[in-house]
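Shared chain: chain A. Partners: chain B in the first complex, chain C in the second.
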Partner chain A sequence: MAGEIQERGLAVRQPSSLSTRSQSLLARLSGETTLGRRPHARPYQAYLFILPGLLLYLVFVLIPIVNTFRYSFYEWTGFSEPTYIGLDNYTNLFRDKDFWTAISHNFFFVIFYTILPILLGLFLTSLLTRQRLRGMVFFRTGLFIPYVMSPVVVGIIWRWLFALDGPINHVLDAVGLSSVARPWLGDFTFAPYATGLVGTWIEYGLCMVIFIAGAQSINEELYDTAIVFGANAWQQFRYVTLPGLRQQILVAFVITFIAAMRLFDLIFVLTSGGGPGKTTLVTSVLLYTEAFNQNHAGYATSMAVVLTVIILVVSVVVTRLQARSEAEELV
Partner chain B sequence: MTARRQPQTYITYFLLTIFTLLAVLPFVGILLLSFKDTSELGNGAFALPQVWRWENYVEAWQGARFGDYFQNSVIVVIPAVLIALVLALMSGYAFGTMRFRGDNVLLLLILLGLMVPFEAVIIPLWQLLGTLHLRNTYWALILPQVALSFAFGTFWLRAHFKGIPADLIDAAVVDGCGSWGVLWRVLLPLSTPALLSLIVLLFMWTWNEFLLVLVMAGGDLRTLPVGLALLRGRYATNITVMAAGATMMSLPVIIIYVIFQRHFIRGLVSGALKA
Partner chain C sequence: MFKLRPFVIALVAVLVVLAVAPAAAQETTVLTVWDVWTRDVEDAMGEELAAEFEAAHPGVDVQRTAYLFDDLMTTLPLALSDEGGPDVAAVNQGRTSMGALVEAGLILPLNEYADEYGWWNRYAPVLHARNSFTEDGSVYGEGNMYGMSNTAEVVGAYYWKQAFADMGLEIPTTFAEFETLLQTIKDAGHTPLAFGSLDGWPAIHEYSAIQHPLSTVQAIDDFIFRREGATFVDDANLLAAQKLVEWVDAGYFPDGFEGMDYDNATLQTFLNQDAVMWITGSWMTSVLVEQAGEEGIGFFVIPPADPEDPPLAIGGVGIPFGISARSANPDLAAEYIDFITGPDTAARLLEVGFLPAAPVDPSALTEGTLTADTVNAWNLISSKNAVGHYLDWAVPLDDLNASLQELLAKQITPEEFVAQVQEAYEGAA
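Take a look at the complex of A and B:
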C-alpha cells in the first residue's frame, strides 16, 4: 500500500516498468526471489539481521499504535489508572463542536493543499505537451525549496509576510490599496484563506515537478497519433497527457492529502495553534491540546484513531485506483 | 522536431520562472531580514540591509539560546540517522535478498508504521517513555525517531537490494563470502546512490521533527524547530533575531539539499508519503 505507492513513485521516471508491477502487494512481497538458488545465509540469519531494528520498532511504534486504539475505549488523564468506558469517547467526539470545527478545517485545507497545487501543476504541464525543457535541474531545485524547509521556518516567514506592517501590506499600500491591507492572519474572515495559501505555496512545487517529469516520459507517438486524428491542443492534453499522468496525480493526491490531514507544526507557529478564535484550528492541534494541556489523554486517542482511519482509507482507496489503472493499461 | 521552439515553450519557461521565484524569494526575504535592524522593516522586504548586522546572529545564538538548540539538534540527529541507517541496512538486506518463514507478515507490520500518522503513536509513546524514565533525555528524541526511520529505510533498501542481480551474490558466495561479506563487500559498494538518498531524507525528517520534541523535551533539550517555535520573552517579538534563528536552522538543510538535490528529489517524490 504505502510501500507500493512509494515504489510507484520510484517508477515515476520509468513508466515502462509500471506494467510489470501489476501483481497485488502480497504476491509481490512474497517475491520470486531468484536468490534462493544458492543461499548466502542460513535461515536464522535473516531473523538476526532484522531483529535489532524490529525490536525498537515494536517498542516505540507498534505497541504504541495498539495502545492508541486500546486507550480510545478508556477514560484516562495520562496519569491516572485508565477506566474502561466503551464507546463513550467516540460518542463524545461526535458531539464535540471543536472536533467538527477542526476536522472540517482539515478538509477545507485539502482545497489549498491538494486541489489547488494539483490544478496548478496540471495547468503548467498542459502548456508543455511534448516540449523538452532544458534547465529543469535549476527549476526543480527552486520549486522544491518550500517542501524541504521546516514548517516552523515557513510559519515564521509567512507570519512576517502577512503581518500588519509586513511586506504584503506594504505592497498593497504602494499600489494604492491601503484599504485592503489588514493583519491577514489575525482576521477572522481571511485567516483561513491566508493559512491555506501558505499550504498551496508549500505543495505546488512538488506537484509541478512530479507532473513535468511524468509528462516528459509520455510516448511521443501518442501525440503524433492524436494530431493525425485532428486533436487540438486541449484534446491532446485531455486525451494523452492527462491519462498519461494518472499515476503521478494519484501519488501527488495522497502525499498532499495526508499533509492536509496532519497539519500541525505550521498551524502551531503561523496562527499560534488555530487562531484567531478557532478559525484555523485543526485536528492534530486539538489532539495535542486535549492530551497534553487538558489531560484528556484517552479522549485524544479517539481523535488519533479517527485521523488514522481517514488517512488509511484514502491511501488504500487510491492504491486500488492505481492498481485498476494499471490493469486497464494491460488490457 | 522537439528542438523547434513554439510560443508555448516560452510561456512555460516564463511561468516556471515565476513559480520558482515565488518559491525561493520568501527565503531570500528572511535571509535579508536576519541582517537588518528593526528600524529598517519599512524599507521593503528585498531592500539590502543598511549595515549587515551580524549582531543579530550573536544575539540569537547566545541570548535566544539558539546555540543550545543547535547543539541539541546535532546531538539528536547524528546518532538517530546513523543508528537507523545501520539497522535499516541489515533488515533491508534480509528482506531484499533472503527468504524466510514469516517474511510477508513482518514486512506488512513494518509497512503499517509507514502508513499510520505519528499522531497515532505519540500519546502512548509519551506514557511509555515516562515509565522508562526516559522523558527529558536525548534518548526520548532519538529512539522513536530511529524506530520510524527504520521502517522507512527497510522498505527503501529492500526495494534497492531486490534490484541487484542475484548472480552477483551467488558469485560472491562461491568465492567464500559469508552473509556479512556479501552485504559489506558486494552490496554496499553498489548502493551509494540509494544510501545517499536515504541519508538526506532521514536527516531532513529528523532535523525538522517537531511533535516528538515538543512533547518529550523540556526547555534544556529542545531542538531547533521547537526552540524557534517556543521563543519567549523579548525575542518572541524581535523579528530580526527570529529571522537569524530561522536562517541558522535552515542553513544545514539548504546546504545538504543543494549538494544532494538529485538524491533529495528522487527520494522525496518516492518517499514523501512517510513525512
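Take a look at the complex of A and C:
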C-alpha cells in the first residue's frame, strides 16, 4: 500500500504528458504492467520463486477457505463425523434472530470504525499537513499508536477507563457531572456507544496516516493557486485536499469496514462478549460461541461464509469505484 | 581400503545405537495428563502428585500440562480426536462438553474402574449422575460414568463476622429470615450484597441462590437432565426472577453493579467491607483467606424456604477427570485418576485451597475458620443430597447471561425472562 501511494505520488510529479499517462492507464486496465511485458527467458523460474509462498498460502489460507465453505453444508460439532444437510444451516441462519441482531450491530459499528475515523483522520490531516509543525513526527506517531496496539490490550485499558470507579467517571465527578457518571459498559443505552468509541480511537490513526501520505503527494501548486484566488482554509480543504484524497479515502474505507465486520477481540474483552444483554453482540463473537461453546461448528461456518460474502461485495464495489475515479483522474 | 575401517566401525556403532534406542525407550511408558491446575500452588501440587505417582510406578513418565480452563475446553475435543492427545484429561461437565465427547466416542466409560477401585462411594453417590451419560451421549444423568472428580463447590454467602456482630445479626435459618437480614443491613445504612453483573455469569449464581431455596431438588434435576415435562416456566423460577428484581429495587446490590466485574470490582467491594455479604462459590475461600485471614469472614448456605427442608444450594463436584478413548494405557490412566481423587490427595487439595469432594477428616479442621465453614457447608448439602445445579449446564451460557443482564436492568419482565430462558433451553436440546 505504501508502495502504491509512493508510486502515485511520483506519477503526479511527473511532467504531464497525456499520451504516456493514458498508455499506462490502458496497461493497468488490461492487467498488463511494464514488468509483465518485459521478455522473460525462463518464465518457470519465476513460478519457482513464488512456490514457497504459494504453498503456505494454499495450506493456511485457500484450503481452509474452501473447507469452511464445504462445512457450511454439513451438520458438524467440530469433532464428530459431518452429516450433509444441504442448505439447512443457511435457512436456520436467516431465521436466527441473534444473527440479525449481531449483523445489525456490525453495521452500527461501521459508524464508529469507518465513518468517524475517516472524518477524524481528514480533520487531523488538514491540521498536520498545511503548516510546518514543530514535533510533527511526535504527533503522527502518538496518534498512530492506538492502531498498533493489540485489541486485547486496548480492551483491558478501556475496561479500566470505563470502570465505575475508573478515571472517566472520576473526571466527570470532579467537574460536577456526577449525574452523567455511570457504569458505561454495563449500561444498556450507553454500552454500544462506549464500545464504538474505542473502535474510533483504534482506527482514526490508520486513516490519518493514509491521508497524510496521500496529502503529501498533492501538487503544492494547487494550493498556491487556490491561495492566489483567495481560498480560505476550509475551501482549500474542500476543493484541493479532499478531491486529492479520494483514492486514500476509499482505501481507508475498505480497511476499516472490514475491521468493523470482523470485530471480535475488542468485544470479547471489553463487554465480555456482547453484554449487557446482547447489546454489543457481533457476528464473529456469535460465530465463536456457536462453534466452540455450543459445538455447532457447521452452523458457525455458514455464518462465516455470509460474513465473507458481505465483505467481498463491499470491497468489490469500492474497488470498482476506485478504478473509475482513477480513470477519471487520469483521462 | 584400510582407511574405510573407522567409517565402517562408526556406521555399525550408529546402527547399533539406533536399534537399541527404541527398545530402551519402550521401557518408559508416557502418561500424558492435562489438568486445569494453573495457579502456582496448584501447579506445584500437580507436579508433586505426578512425581509421587512416577516413584510408585517405575518406568512411568507422567507428562503433565496445566491449561487455563477456557483454553482446555476449546482445545480438548480436537486433541482427543487426534493422535498425541492426553491419556487423562480434565473434562468439563454438561451436555455440550462431556456429552459431546461421549457422543463422538472420544472418552472411555469408567464403570469397571469405579467397581475395581470403589469410586462409587468416594462422594455422595447421587453426584455421579453429573458425570454420567448413556453410551450414545443422548441422555444426561444416566448410564455410564465418564469422569471422576476430586474437588467440590458450593455457592453460599460469605459474610463479615464483625459487621454481623455490630448489627446483632444471626445466621438465618429460613429464606424469609435471610430477606429480613438483607433489609436490616440496608436499613443500617450498609450495602447488603457485593455483586457485579458486567461479566454476566455471576448473575447466574445470584439468581440461583434465590431460585434453589424456592424450588425443589426434583424440579431442578428434571430441568438439568432434560427429563420429560421439564420446563423453566414454573412458579418458583418466576418468583425467583421477581425477587431478584425486588432486590435490585431495594438497593441490596452496590450502586452501578451493572458495570462491576467479578475479579476486581466485586472482590474489592467485599474485601473493603463496602458490602456485608457476598453470594458466590466456595472457590473464593482460598483467595479470601489469603487476603483477610481465616477469622474475619464466615460462610453459610442460603437457607431453605421451609426450615424442615434441607438447604438446597448450587454446588457439585468440580471438573472431573476422564480417560481418552485413544489412550494406549487406559489401565494406568485409571490408576492415576484413582490416585488423584483418593483420600490422600484430598488433604493436599484442602491445603492448597480446594474443597475436596471426598469427606475430610474433621480433626484436620479448626472450628470457626473460614475453611471449616466452607467444608461444613459442603458436607451439609452433600450428606443431605441437597446439591443443586448450575443452570448453564442446560441453557447456553451466553443466552443465560444476556437474559439475566436484561432482567437486572429491567429491559425485560420476570415473565419474559423465564420465557426467554425456556426458549434458549429448547433451542439447545
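Throughout what follows, the second predicted complex is superposed on the first by the 251 of 331 C-alpha atoms of A that agree within 3 Å, B and C clash if a C-alpha of one lies under 4 Å from a C-alpha of the other, contacts with A are read in each partner's own complex, and residues count from 1 in each chain.
Just so it is clear, a residue touches a chain if its C-beta (ideal position, glycine included) is under 8 Å from a C-beta of that chain, and two chains touch if they have at least 3 such contacts.
Please read these numbers as outputs of a predicted model, since none were measured by experiment.
Participant: Touching A:119, do we find chain B (first), chain C (second), both, or neither?
Facilitator: After superposition on chain A, A:119 lies in contact with neither partner.
Participant: First (chain B), second (chain C), both or neither: which does A:292 touch?
Facilitator: Both partners, chain B and chain C.
Participant: Of chain B and chain C, which one touches more residues of chain A?
Facilitator: Larger number of chain A residues touched: B.
Participant: Would you sort A:182 into first (chain B), second (chain C), both or neither based on which partner it touches?
Facilitator: The answer is second: A:182 touches chain C but not chain B.
Participant: Figure out whether A:164 sits in contact with chain B (first) or chain C (second), or with both, or with neither.
Facilitator: second
Participant: Is A:276 touching anything from chain B or chain C once the two structures are fitted on A? First, second, both or neither.
Facilitator: second
Participant: Determine, under the contact definition given at the top, whether A:78 touches first (chain B), second (chain C), both, or neither.
Facilitator: Both: A:78 reaches chain B and chain C.
Participant: Kindly classify A:317 by the partners it touches after superposition: chain B alone (first), chain C alone (second), both, or neither?
Facilitator: neither
Participant: Using the superposition described at the top, list the residues of chain A that contact chain B and also contact chain C.
Facilitator: 78, 165, 292
Participant: Going by the contact rule at the top, pick out the chain C residues touching chain A in the complex.
Facilitator: Those residues of chain C that touch chain A are 73-74, 77-78, 80-81, 96, 100, 103-104, 106, 197-200, 255-261, 264-265, 396-398, 401-403, 405-406, 409, 411, 428.
Participant: Going by the contact rule set out above, which residues of chain A touch chain B in the complex?
Facilitator: So the residues of chain A in touch with chain B come to 1-3, 5-7, 9-10, 12-13, 26, 29-31, 33-43, 45-47, 49-50, 52-54, 56-57, 59-65, 67-68, 71, 78, 120, 124, 127-133, 137-153, 155-158, 160-161, 165, 167, 170, 201, 204-206, 208-210, 213, 220, 251, 254-255, 258-259, 261-262, 264-265, 268-269, 284, 287-288, 291-292, 297, 300-301, 304-305, 307-308, 311-312, 315.
Participant: Residue numbers of chain B touching chain A in their complex, please.
Facilitator: Touch list, chain B to chain A: 2, 6, 8-9, 11-13, 15-17, 19-24, 26-27, 29-30, 33, 41-42, 44-45, 87-88, 90-91, 93-95, 97-101, 103-104, 106-128, 143-144, 146-148, 150-151, 154-156, 159, 162, 166, 169-170, 172-174, 177-179, 182, 204, 207-208, 210-211, 214-215, 224-226, 228-229, 239, 242-243, 246, 249-250, 253-254, 257-258, 261-262, 264-266, 268-275.
Participant: Which part of chain A faces chain C closely enough to touch in the complex?
Facilitator: Residues 77-80, 159, 162-165, 182-188, 271-278, 281, 289, 292-295.
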